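Should a chain be cited, it is by its letter among A, B, C and D, assigned in written order, with residues numbered from 1 in that chain.
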Amino acid sequence: MSAIRSDLGWSTRERIVVRGKDLPGEILGRLNLGDMAYFELTGKFPDEKQSRLFNAMAVTLVEHGVTPSALAARLTYLGAPEAMQAAVAAGLCGLGSVFVGSMEGCAKLLSEGKTAERIVAEHKRIPGLGHPLHKPVDPRTVRLFEIARETGYYGKYCQLIEAVGKLKSLPVNATGAIGALACELGLDWRAVRGIGVMARAVGLVGHLLEESRQPMAETVWHQVEAQASEHLRK
Amino acid sequence: MSAIRSDLGWSTRERIVVRGKDLPGEILGRLNLGDMAYFELTGKFPDEKQSRLFNAMAVTLVEHGVTPSALAARLTYLGAPEAMQAAVAAGLCGLGSVFVGSMEGCAKLLSEGKTAERIVAEHKRIPGLGHPLHKPVDPRTVRLFEIARETGYYGKYCQLIEAVGKLKSLPVNATGAIGALACELGLDWRAVRGIGVMARAVGLVGHLLEESRQPMAETVWHQVEAQASEHLRK
Amino acid sequence: MSAIRSDLGWSTRERIVVRGKDLPGEILGRLNLGDMAYFELTGKFPDEKQSRLFNAMAVTLVEHGVTPSALAARLTYLGAPEAMQAAVAAGLCGLGSVFVGSMEGCAKLLSEGKTAERIVAEHKRIPGLGHPLHKPVDPRTVRLFEIARETGYYGKYCQLIEAVGKLKSLPVNATGAIGALACELGLDWRAVRGIGVMARAVGLVGHLLEESRQPMAETVWHQVEAQASEHLRK
Amino acid sequence: MSAIRSDLGWSTRERIVVRGKDLPGEILGRLNLGDMAYFELTGKFPDEKQSRLFNAMAVTLVEHGVTPSALAARLTYLGAPEAMQAAVAAGLCGLGSVFVGSMEGCAKLLSEGKTAERIVAEHKRIPGLGHPLHKPVDPRTVRLFEIARETGYYGKYCQLIEAVGKLKSLPVNATGAIGALACELGLDWRAVRGIGVMARAVGLVGHLLEESRQPMAETVWHQVEAQASEHLRK
């Protein structure tokens, strides 16, 4: 077997095939964008319940207002409006350990088969718990777990992260909920950060469209520059 | 009015609001990921027909096999597996004038109010026409225009690009179809490249998950390196 | 001849060769970083005068304080401190048509063989002229042209951009000077933006080191976020 | 003191100041690009010996032939030739834990004040040791340590990494040598990865200029695509 091998997609003159399905005939008009993401990650079409839950998870992560990532994208667009893909890319580069990484960390932790007590004993800081603003509860978690119950996916991983949160007296935040739900859906923890990355790509396109109509980046720049160099100008 | 102003999202302790809607209460469980993208770009929830069409447009662009963009993402992941967001970003950076840009160019061209004859007279190369592989027809275009007819969105822009294609004896490719359909939906042409960017972000996450399980990047590297330096080793 | 071919570098067990020279034996300790860039771009070691001029051009572009590009890098680092290479990448993504592109545009324009009068007649906006802050002269241009005179590289391209500036009553800015000097050195105009890109990479590393010690990104974020959403909170 | 504060650069109408020095008057024509990098990172102009050593370290990292990072940049440029800065950015995104990170890891390890024996006892894999190709010695290390001796910077960190290498029967590779030399120069280990990032930015510009004249990316794409999908076409 060749080491250069991909099962994701291929084309001939008449056919375009994605993971074994005919793109025009079996996918277009049938899968929504979240379903397609689920299909990319698992190789299976989601059923109605999986579709509802997975789409809710992804939609949660699309838009959070003027975040560092949105600001980085807007500042990049200011210098290269002809390359909006690069502005989205710049915005994605910051989705690392501090913000989106906690989702991956939570999924990995929950999938290790430990009890809540042991998790708390072994980890000082637990990914997916606590929020600087949304306390005592994160309203996204409440809603996501409600949808999980409705679709039959509120299971042992959700219970585990809630138990851990109770022991630590911290709310399960949205990234914790999504980490747990990714486990319930049987997703690979290595794919979990990716859900955040694709969702934020959607949100960043929204920010760049707004920036093109109602720009803020130049003002941000001048305002920050003036503050940053004030002590040098004296 | 402050020049630093965004209407996309904001939060308080209890509320998370996206474009005026309560994220947990009004969006989660109700919009799928494509609907959410439509909402980000237009400020309106899509109706059922708009949802079906827009999701089909976005889904078309998710996966095209081992493209330059997928390869760039995989080669980046090889060096920095701890930063998969940066690998997605690297893959997006190439969605410029050559590949995804034609979608934007087509939407812009069609929205200028010219006749097919005049468009052909004025432009030697028309974005959205022709395909190296899919000829005489691009099966994605056939299917997208079918969905457009079913949803009542096959209108003057679709007719115009088809007329231009006939005059040039070239098939309308998927980017041409999507450019026309973006016009039918009343989307800003500046948002059109963005549909490709967000869709490819989904596909790139799929490629990176496959790369983590069934890697090809290192073999690609060694194979290309050997070929590239063969003449120097003699 | 294989289409996959590069003449830049190759290695065997004992040798590492860059553009035909032995890296340890002929390059290390002999070329400085700017000389190495010149060698990468031209295939020739610069003589002393070329080295002095080219290094001055590159050094000019390293540091401009808290620019949009530096801010984008810092905001990215805030979210992914484990991937500083991605933060530099984010900062580079914005070096497009608005900021660094003028250097390339100027070099291209000057290399077309037109007179100053014709350039002015044909172009409303001329890349490399004017500066929002540095007027009536850009002190970097004065110094760069001085170094050009000292090294014998103040020639017809420098005269041409100065003549164009006089006709437009606008100062030749640093990007205009560097564009002209790139022509004097016989560099490919396609390499000119690259001088800015490599120089800014140096500067961005400086910003990220400062950010790691004396962070501003989080404060910038909160300050901008508060302003951006103020009208929504009422 | 404001939390938004930078000491790197600022400008007025007549002056451009970088880290307290007048850019046109005190820096241009005096510092080469490597010296400028040293100045950005340390706030001090290097003396002649520091200049020689630091430039050699940076130059070592510029060009390694067709690496994954160079390939990612070239494949990105294929899709977006109008945005070469984004192609450089894509190439940089992969300079993570696997390739360039070892330099940082080595510098950090050596700066912890442990003996060679203890380092070997505590770490199974030691960053900066071993090379798949260059064995039993890495010729870059030999040359870099030679320059270090000539400039008086072959000291305890170089001895330490060599002692560790001896205990492990592995050669000190170029990243190990540079990590040690960064310690000798008193550079912050957090800046060490940055030396690789800036140097590779120089090399990537070289690759993109070559790609614009003698392209390989499209052939690489088609060749890999054919191999990757061969098993699906049967």
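Basically, a contact is a pair of C-beta atoms (placed from the backbone, for glycine too) under 8 Å apart; a residue touches a chain by one contact, two chains touch by 3 or more.
Small disclaimer: the values here were computed from a predicted structure and weren't measured.
When the CA atoms of chain A are superposed on chain D, the rotation angle comes to 180 degrees, reported as a multiple of 5. Residues touching across the chain A-chain B interface largely coincide between the two copies, over half of the numbers being common to both. The pair with more inter-chain C-beta contacts, choosing from C-D and A-C, is C-D. Averaged C-alpha coordinates give centres for chain A and chain D that are 31 Å from one another. Chain C and chain D, compared by their mean Cα positions, are separated by 19 Å.
With centres defined as mean CA coordinates, chain C is found 35 Å away from chain A. Each of residues 4-7, 9-10, 12, 65-66, 80, 82-83, 85-86, 89-90, 93-96, 100, 216, 220, 224, 228-229 in chain C touches at least two other chains. Viewed as a contact network, the protein chains are fully connected, with every chain touching every other.
Those residues of chain A that touch chain D in the shared complex are 1-2, 4-7, 9-10, 12, 17, 80, 82-83, 85-86, 89-90, 93, 224, 227-233.
Per the touch definition, chain C reaches chain A in the complex via residues 65-69, 71-72, 75-83, 86-87, 89-91, 93-101, 216-218, 220-221, 224-225, 228-229. Every residue of chain D that touches chain C in the complex is listed here, in rising order: 3-16, 18-19, 23-25, 27-29, 31-37, 40-41, 51-52, 55-56, 58-60, 62-66, 70, 83-86, 88-90, 92-96, 100, 133-135, 139-140, 142-144, 146-147, 150, 188, 190-191, 193-195, 197-199, 201-203, 205-210, 212, 214-216, 219-220, 223.
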